[in-house]
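Okay, so here's the structure we're looking at.
As written, the chains take the letters A, B, C, D, E and F, and residue 1 is the first residue of each chain.
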Amino acid sequence: MPINNIDNLMRSQILSEALPYIQKFYKKTVVVKYGGNAMTDETLKNAVMSDIVLLSLIGIKIVLVHGGGPEINEMLGRVGLESKFINGLRYTDEETVEIVRMVLAGKVNKELVAHLTRHKGNAIGMCGIDGQMIVAKKTESDVDLGLVGDIVKINSAPILDTLGAGYIPVIATVACGEDGTVYNINADTAASRIAAELGAEKLILMTDIVGLLRDKDDPSTLINTVQVSEVPFMKRQGIISGGMIPKIDCCVEAVRRGVKGTCIIDGRVPHSILIELLSSEGVGTAFI
Amino acid sequence: MPINNIDNLMRSQILSEALPYIQKFYKKTVVVKYGGNAMTDETLKNAVMSDIVLLSLIGIKIVLVHGGGPEINEMLGRVGLESKFINGLRYTDEETVEIVRMVLAGKVNKELVAHLTRHKGNAIGMCGIDGQMIVAKKTESDVDLGLVGDIVKINSAPILDTLGAGYIPVIATVACGEDGTVYNINADTAASRIAAELGAEKLILMTDIVGLLRDKDDPSTLINTVQVSEVPFMKRQGIISGGMIPKIDCCVEAVRRGVKGTCIIDGRVPHSILIELLSSEGVGTAFI
Amino acid sequence: MPINNIDNLMRSQILSEALPYIQKFYKKTVVVKYGGNAMTDETLKNAVMSDIVLLSLIGIKIVLVHGGGPEINEMLGRVGLESKFINGLRYTDEETVEIVRMVLAGKVNKELVAHLTRHKGNAIGMCGIDGQMIVAKKTESDVDLGLVGDIVKINSAPILDTLGAGYIPVIATVACGEDGTVYNINADTAASRIAAELGAEKLILMTDIVGLLRDKDDPSTLINTVQVSEVPFMKRQGIISGGMIPKIDCCVEAVRRGVKGTCIIDGRVPHSILIELLSSEGVGTAFI
Amino acid sequence: MPINNIDNLMRSQILSEALPYIQKFYKKTVVVKYGGNAMTDETLKNAVMSDIVLLSLIGIKIVLVHGGGPEINEMLGRVGLESKFINGLRYTDEETVEIVRMVLAGKVNKELVAHLTRHKGNAIGMCGIDGQMIVAKKTESDVDLGLVGDIVKINSAPILDTLGAGYIPVIATVACGEDGTVYNINADTAASRIAAELGAEKLILMTDIVGLLRDKDDPSTLINTVQVSEVPFMKRQGIISGGMIPKIDCCVEAVRRGVKGTCIIDGRVPHSILIELLSSEGVGTAFI
Amino acid sequence: MPINNIDNLMRSQILSEALPYIQKFYKKTVVVKYGGNAMTDETLKNAVMSDIVLLSLIGIKIVLVHGGGPEINEMLGRVGLESKFINGLRYTDEETVEIVRMVLAGKVNKELVAHLTRHKGNAIGMCGIDGQMIVAKKTESDVDLGLVGDIVKINSAPILDTLGAGYIPVIATVACGEDGTVYNINADTAASRIAAELGAEKLILMTDIVGLLRDKDDPSTLINTVQVSEVPFMKRQGIISGGMIPKIDCCVEAVRRGVKGTCIIDGRVPHSILIELLSSEGVGTAFI
Amino acid sequence: MPINNIDNLMRSQILSEALPYIQKFYKKTVVVKYGGNAMTDETLKNAVMSDIVLLSLIGIKIVLVHGGGPEINEMLGRVGLESKFINGLRYTDEETVEIVRMVLAGKVNKELVAHLTRHKGNAIGMCGIDGQMIVAKKTESDVDLGLVGDIVKINSAPILDTLGAGYIPVIATVACGEDGTVYNINADTAASRIAAELGAEKLILMTDIVGLLRDKDDPSTLINTVQVSEVPFMKRQGIISGGMIPKIDCCVEAVRRGVKGTCIIDGRVPHSILIELLSSEGVGTAFI
């Protein structure tokens, strides 16, 4: 729904104020890990898709990476497969990984491509199997997690070819082993590794939280920027805890591998990606 | 299993005899519609995948198009959706088309890509939604078939970009409407239209029959070559009948739209694609 | 001065609403004839320069064409040359044309380039002499106007080369004859002809009026869109009269030579170019 | 005026003898600093322009750099601005630098482009402001020289883009600061720095003297070649003195920054550039 | 031997006067048929080789075509094969054509390449067999001439590839039939057909005569230019007769097939190619 | 003669089994030194030419290098020049080197090109003189060998240009000195040096022996693979002796200069190149 109570003058001035931010990311690569409420709420989803198309038009090489938690669970339910979680990681047998691949690469991925197309974006959906983009091996751990994989190597060629031909690459985070075995991998980690391999200017992880709070019950204590070197200390302090840990580890890892900046943004805020990239204030916590 | 009772000399002579056939298709586009037994039998599948990689290496621009009948039915069964067929065409409601898309683009397509990768082929899987490759609209007919679509337009850009970047494009035949609606389309028709749009040298439809027989009970009456102008007459004669009609109509349509040659080959014969393309004898019926 | 009383949410939504307009002009050429108050008022000038850089970043091939009336007069005054006007056209002797060239190509042009550079734009200033871009011959008329020229030919190569190498071309409207004689030419006409030669999507003429008014004393009677075929009738009616005639003739001529759309916008409104190109409402009168 | 008393045979033999010199500079960059009498005498100017076009045609990447002393003084006089010189450097206030820029970039530069065009050369005139080609900062000195600048950086991209697109770049030596301030800079120094940045094969400074003389009153004592390491000694000896010092310092600086050869040639000799580049004898003093 | 009695000033002026001629042929193709005395006299040969290198450097796409009469006869003599001539055309049996090919492609051709290399030219020698450049069939005539061929087709690709990669193509006029048979062909005709296929600006045939004379005993009656439409009349008048006929027919044929200008020049004059191309006077007779 | 007693199925399976070998050499450079019986026996020659075309089509950058012993001797005989051999190397006077060049570059080379053309290959014949490809100097030795040369430098540009333009380069091993003198060089050495300069994947030397035998009288003692470090020891043992020494030295030298693998194959076996490259067994001895 367009904003009507703003006249054109103000409208144009706001556009004009985006100039330095557009210049900052011009011809740079930005990897967006899409997930959470922004993926299930239709209005939010619509805003994200529109933002992605906009960003691709203003010269940003945008790469959309996604998982698909709820839809996987729903389909596993429909076919009568029970989701087992071990230490917060899904146990994945062969039947399950089949469903995971099918849902991610055949349902979620193609829906996103169709959505971008509806906004006149030009997108191509791929998964880690295409062009051997994400190579994984079985995760080694005390508890057997089945076909859960650790990323061994990102092959950026298919992403670069797709960007170079003028498409927005949409990547479902399914990986394959050297022997062709399909692995379920963590989508945040995949996004982090892809951003690193592409030498991205920025990695954005969409979440359902305001950001990192100094006091977890007080949104006014949002921490805007964290140096990655502070993270271990913040973990010990308990500021970073629980479900935040793996997400923030992805940010830290990306920065260590050369990504200029990473951030966790609140996907529940409409157009949060635009706010993050094209305004003076971020909408979450940046890790640099 | 390698053939051992042939010495190297004979082996090299056979390779050498393929030269004129390789020259014939060098830098030309060949569209293969993959289906039938060759898709379900592991040995046959393996041979097809190996052939596709080989053909792509010897300079043929090969495009693999596939549907996925049995796997769709199986998944529809698993989620408790009944397949309705009207006049031999599947009635497709929204839930069903979701499953169709998911199975074709997320399961069959990615399995083929993985298979080609195992043979060291460099493939990228796509469906008609990616880059708006196959645009369709609801099929108009007396009986409502639901989300069954007729192809309105093939956008060859994503296929050409993929070929140009050195990948084998593997295309799942799901289409989308201008408004983003997903349509179930006939895979043979899609292959025919894609071949036409690419100005292909050859369209190969893999089937489970020997070819077109003058006497349907006598394999020795195989017709090697048919002029497309003879087809109406052969239909009236009953030589072309039943399930053959739509397939042969695809061949005729492709030739009319500029494809140099089309053929229906017996997918039950291992390496039937190689025999068709690289030897003096075809393995089915050609329509020219 | 940034607008502060708007929160980021609204800000991002406004950016988001620009998407369809950005798509409309993506990779298209837009020629802006810069002049009037927007050229003399520092705040307006600043806004125009910022807009030009913004538009070039979001994928529009923008070409800035300018004259320089007041600065020419001032310099002519400083060197003691009197400006003679005949039928509203400046009489131009050799000494005068020297000053015109010097002021346009050496002062106004380079100031604009410097201004764009300050906004981090990448611009190159040229005039019609460079690469023989604007070829003219002496205007034939009853009254001798001296070195006033009519455009014979636009050579688009230097403009296209400059755009292709990633610069914003800034063009001072001085022309040269086949024999090297320098001619003073009308800047609106030059912009119109350049737009035509480039096959521009849009020609924007900046003026100091609201647009074409049905009743010239009532701004509320602004005419938004005029078919070029209506222009002769509107001239007879007196709606188009006086100083508007040559400007509107430039618009008509551009449309006749293939420019998709032209418009006369009010340069006194800050960011009027952005409003014209990136919002639903224009800010003047379009001729199509 | 063509030479008639030479028959075609001799004519062709002379052309033929130029071969090794043409080969020496083929595809190499040569920077010519144009100035002195060769710039004011019409016959000499004509010969230089013709030479530049010829050299560009025979495969030399020629870059023409110019200042404009007399014309600046004349215009300063016409607008009633007095030229102040401090230690041989012009004191430059804001009004003066405006006139300098205008005369150099708008008069001299465009006249040269027009002149080259008359010889069917394809030239584009630029100044140090275009594409931020010459970045300067205020000269630090005991005496304030106003807007006199020292070159901080040469951005060769616009020169290379112009050469690459097939034009002869003609460069007026006006510079701009990071903040957009315009600076008056020394043209010889600018030519020297441009030559260095381009990795030129040769830098030619046109002067109004025969060259460096061992005995300044005896032209027969012309020194053909000087090693840059000898320059300090020659200064102490007084062989290099007065106005020669800054010019020779430019040569020395260029060689130190990687230019293969530099020379001071006598611009009063017609076609002195051709003689220098395309014959066995130079026409001045080379610094290597 | 360099000309010493000319000072550098005159030298440079002569170079300068070549400018309009260099511009005329810049980036154009010129085919030189080399033959006669210029091929046997070492001084003349040296001048031609130097001219060819010079012309290639100043931007002319020069193609050198040659036969090799005297050297063929000498080798035929050495191996004891008698030269038979029928109607002025050599009768060519299989043994003879072998020698012809060997001498043309292996001796004359490579000597020319080596000669050009000595002048620092970058040349590649080829014959009509390479890349199937000159396809011929057996000449049909009343008298059997053996393996004498008529040109069926010129394949310009290898010549264009060689020019495009920066080499001077040197072409020995041996042709091959579709079946690989080698044919002896007329070198003038081959040059004419090659010039036509390349859309050359000029074809130059080097001969041992002054040009076409109105009175064959009076060199002062040299005809400078002939319209090809006048040729039949001049044949009837006897002005064109004897050995001139086939050469002039080649010129006429080339003009008819689109070559802009052709000429017969006196190869006995040193640097006659330079005189022809780079001065106001030709050195023979032009056919246009 | 095609093999008929093999059905299409077996035929296609054999083609299919070549896949991994095709992949191994895809886009890699292979240099074949052609010589011995394979050059004189028409059936063998035909098989080699067909193999070369086949290999070039399946994506291998194949370079054919040849000498021409018997044909040189024959021509020397015909013109009455006696072949003198000193220490197994031909003494070469000026007359002889002329014949050598003529036969290699004009006869053997062009016959091979014609032969490849007959198999629809697209070939260009060159020798070491073209584009200064093989630069040599007089061999220094105790005994004067006349115009026998040692290779000083390989200039790969003409080979790469020819490959890049899609031709098969066929290279006659004649070299030229810096001063243009023609030298007779050893063809095996030339092939070795060319392979090294091109960074070839493989160098194949065709010979008339089975390979390196542990017991020279027992073909069953064929050594399949030799590490180049073993060669000195095998020479001391006498396993490598006589005419094998220079050939094997070429292999060793090529490996030392970076060629991945070299081999001596039995040219008397039809299609030995195909067997070597496209099957599991080699047909001679590899040096790695």
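FYI, a residue touches a chain if its C-beta (ideal position, glycine included) is under 8 Å from a C-beta of that chain, and two chains touch if they have at least 3 such contacts.
All figures in this text were calculated on a predicted structure; none of them were measured in a lab.
Asks: To reach chain F from chain C by way of touching chains, what is the minimum number of steps?
Replies: The distance in steps between these two chains is 3.
Asks: Please indicate which chain is farthest from chain D, where distance is taken between mean Cα coordinates of the chains.
Replies: Following the centroid criterion, the farthest chain would be B.
Asks: What's the chain with its C-alpha centre farthest out from chain E?
Replies: A
Asks: Roughly how far is chain D from chain E, centre to centre by C-alpha average, rounded to an integer in Å?
Replies: Each chain reduced to its C-alpha mean, chain D and chain E end up 44 Å apart.
Asks: Express in whole angstrom the distance between the two chain centres, defined as the mean CA positions of chain B and chain E.
Replies: Centre separation, chain B to chain E: 56 Å.
Asks: Using mean CA coordinates as chain centres, what's the gap between chain C and chain D in Å?
Replies: Result: the chain centres lie 35 Å from each other.
Asks: Could you list which residues of chain F touch at least two other chains?
Replies: Within chain F, no residue contacts more than one other chain.
Asks: From chain A, heading first to chain B, list each chain in turn around the ring.
Replies: Chains encountered around the ring, chain A first and chain B next: A, B, F, E, D, C.
Asks: Where on chain F is chain E touching in the complex?
Replies: Result: residues 75, 78-80, 98, 101-107, 109-110, 113-115, 117-118, 122-127, 129-132, 158, 161, 165, 167, 174, 176, 179-180, 182 of chain F touch chain E.
Asks: If you look only at chain A, which of its residues touch chain C in the complex?
Replies: Touch residues, chain A against chain C: 2-3, 6, 8-20, 22-23, 26, 47, 50-51, 53-54, 57-59, 119-120, 269-272, 274-275, 278-279, 281, 283.
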